[in-house]
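For reference, chains read A, B, C and D in written order, and residue numbers begin at 1 within each chain.
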């Protein structure tokens, strides 16, 4: 009797194995999380120095429109108004998302509802390839094709928000499309069958049933695309013109957080205001990506509750 | 007349216990299962006889599968699930966190509703569990694979393609492979959760025959929705209803002369 | 089984590589040179040549910008920091610890789109273009066309040198398009009508038109004499006195063979050819020969 | 408008939108290849790059790209696999898990330039790894981890839970179940995911400029001693990759044939990504077949 109890209570090697497995997989997870935190800490601690160490007021930084790091205003305040870049980043992000969303949703609907076979055979690889094209190449094509094109049509130099929007449009298309495809695929088959059984046409089914059911997921897809647009650096830098001016038209040179960041990082000295203020821009980027994530989570939750 | 929760007296029960001549395989005492705040099993005490087939029947939602899954502590895997009460196996309460769940499961095997062979070869499907439990030596393994496939009445059909993928087998063959996989570990008890519900009638009867042959060596507890199946193969039957067992008796008695009204309604097909 | 083998092999491979990397490097020496992107091609070319002549000695040349070069050399993280500005011109760099080695001179010249029909500007006009006072080519005798100014990134060494020479006290460049690198600037100027920018001489080519300033052509000979006033020293900074391989390499850079062959071939001007010298504050004096 | 007509219009619009996407990619590809392929020559693929002369090749950059890719995958795959296993098997449904998932997603939307700068100050300067393949691989690991973790986790959870139950019912630990049953079954998906992520790594430049560096010292392809600087195996040497090379040519390149080299290198890059995609499809299909068929 006691023996059987012992037999059952004896710790089999499996327990040890389980603990081992749980530990190493948890270590891997914590490793990733700690990378995230060290980046956050590292970037934010440098970025905050603009305000703590150099005494720039937050209002001057976020709302100021004069960006001349290294120079001071007549009142002796450093000229580090980041508003032009913030505005530029938001504009290119919003415009490229506006442009890409119909295409991405269209392609996703096509791939899931209209012709899954053709979709899988042709569109899927196309989308995957678009992801694989390096940003440098996008920037290069933007510079040699899109900028001159815009110049011919709208005049000016061709550099600006419009050029960046067009480049980003192609760059975020795959992100948004593939996430939208996943979302649409997750809508249960019987939703569609029920709708068809009621005599609805294909488009009615898509529009009234599938898209409704998938709307939180689709919104998430769009936001992820926006997050990608917000963070893209090299390609945007090559086509936006990098003028720290609040954009007053789509075809005049502007700048984004990333473009100014990439361009100036190497030319500034660690620890100076010129350098720290760039890290402040990076901090904004970080918090924006945090914000995009929280937003998608929130949408996901709301969608789930409905 | 349908079974109606309001009309059914859940306190009226008829549950037999085993006498001295009938050896006990496993039993539960006042077993409760909770999923969060929801109480799925509300105090079930049953005794299962060795080398017999016992059927668990009852309408959907009667929690018979939940009960079955607590017998080898598969409910441990559901983080919100909590099981209280005793599960006595060889006089040990195996529903004790101290008890090694892996040793338990090895001795109480389980076969699921739809066949779930691993995406490995037929041979590996059987040998895999053995190897993971420390069985070594090609000869020993070969022998064990052959024996369990024979016991599961699958040997003749697959002996020439042991190295082929198990996923290429038919549904009935896959389910018998799963049975073979479970018995390869030489468990004493075999739990089956509606093992034939995904199969066609011919495969079903093959599985049933296999079970009847297996009873010589194993104690079998099977959840089924199929009344005929229960009456064909099982020695005892327990009728589950809303987390309670209302009646537990010889299968013959349950199907011909049940004590409880709700059981009669159910086995005679009056239920919904 | 397979997975296990895969993991084992992987581990061994990685371990091997790490061990290999951390193990003693026999008879091999290397130094790291970081900084100015404009100097990178020159130093890289010199490094390659140096390695091929001195087996087992490697010069690892990286860009990153003058700011990076100066901050990294100050921190002692690298062996040589390249910069196209004087260390003293960058705040927060303790220039007293650094030792300056002038390895070359580079001319910087305004370039315009080939369609621009202005060939010569005065230094004053050039300054006014970049401050935004002159906005149309017609003001300079050309066709009526808006001037599009492309500047270099603020803090870029080339921009620092350019502005410190063309601007008078109190003049400031207008906020305009900026680009990071010589190459990008050149390709934009070559393709955008009405543009003006400036690049280092080595980047001159047929796709753009180089302007004359004060009547002088942007050629090396004019730089020697300071007739072409827009030029900058190329600095290699060491933290304290150069030693060992660092010294060897700097000596190699300054050697007659390198100065007379490689430097001009890459498009830079040997320091020895200069007939004037310029100090930190921009005062130019003749060199007694 | 009748529903039928609306349906017809909508379907046509969808065809149109999808067609435009295909058209965009087709013209992108054509443009890159038409400009780039004519630059291909034996010299282009066998010669090292030249700093200021005509006729440089890309052999070293091409090799570096592959080597860096390999190292990155070697480092990041086990970590991603571990995290994916934790999230799909062990992670309880609580706020810690939500927190972990958010953290991973934040990492995935980090601009690669930020990753590069972090890598520079952390690996290159702080850990004193210098501009090296190792620094680059670590930076790319950060860049690659979120996507890879998610792909692997998706592949793992795509395996029916009945497989997991089957393993557990045999008295196996979750660890055994996931590593020996789920993982092999999920292999086609995982391999496809890994290869697709390889395409992204291959084309990444911003994260590498400050980590793996922008110079490519000459390699001696007969020297396989990983301690030697000229050895292709050395992981402590700086290594400019193809994508970085394109970036550098466009920004500070002095070679007169810069645009040609850049176009050629872009074409090589695209072709490599293209072949990764084809390989992913082919391997995925092949393994799938091997698992399911006789």
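The rule we apply is simple: a residue touches a chain if its C-beta (ideal position, glycine included) is under 8 Å from a C-beta of that chain, and two chains touch if they have at least 3 such contacts.
Not measured: the values here are computed from a predicted model.
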- Item | Innermost chain by mean C-alpha position | D
- Greatest centre-to-centre gap (Cα means) from subunit A is with chain B
- Message: Counting C-beta pairs in contact, which chain pair has more, A-C or A-B?
- Response: A-C
- Please work out the Cα centroid separation of subunit B and subunit C, and write it as a whole number of Å. 79
- Query: How big is the gap, in whole Å, between where the Cα atoms of subunit A centre and where those of subunit C centre?
  - Reply: 34
- Message: Rounded to a whole Å, what is the gap between the Cα centroids of subunit A and subunit B?
- Response: 51
- Expressed in whole Å, how far the mean CA point of subunit B lies from that of subunit D is 48
- Sequence positions of subunit B contacting 2 or more other chains: 102-104
- Note on the structure: Check: subunit D positions touching at least 2 other chains come out as 78, 171-173, 176, 179-180, 184, 210, 250
- Residues of subunit C that touch two or more other chains sit at 37, 63-64, 75, 180, 184, 187
- Query: Can the chain contact pattern be summarised as a line, a ring, a star, a complete graph, or none of these (other)?
  - Reply: other
- Chain pairs satisfying touch are A-B, A-C, A-D, B-D, C-D
- Message: Going by the contact rule set out above, which residues of subunit D touch subunit C in the complex?
- Response: 51-52, 71, 74-75, 78, 125, 130-131, 134, 179-180, 183-184, 209-210, 213-215, 217-218, 225-229, 233-238, 248-254, 256, 258-259
- Item | Partner subunit A, residues of subunit D touching it in the complex | 3-4, 6-7, 10-11, 13-18, 20-22, 24-25, 28-29, 31-32, 78-83, 85-87, 89-91, 98-100, 102-107, 109-115, 117-118, 121-122, 142, 145-146, 149, 171-176, 178-179, 196, 199-200, 202-206, 210, 243, 246-247, 250, 262, 266, 269-270, 273-274, 276-277, 281
- Task: Would you tell me which residues of subunit A are touching subunit B in their complex?
- Result: 1, 4-5, 7-15
- Note on the structure: Within their complex, subunit C touches subunit D through residues 3, 7, 10, 13-14, 16-18, 20-21, 23-26, 28, 30, 32, 34, 37-38, 40-41, 44-45, 48, 51, 58, 60-64, 72, 75, 77, 180-184, 187, 202-203, 205, 265-267
- Mind pulling up the subunit B residues that touch subunit A in the complex? 90-92, 94, 98-100, 102-104, 134
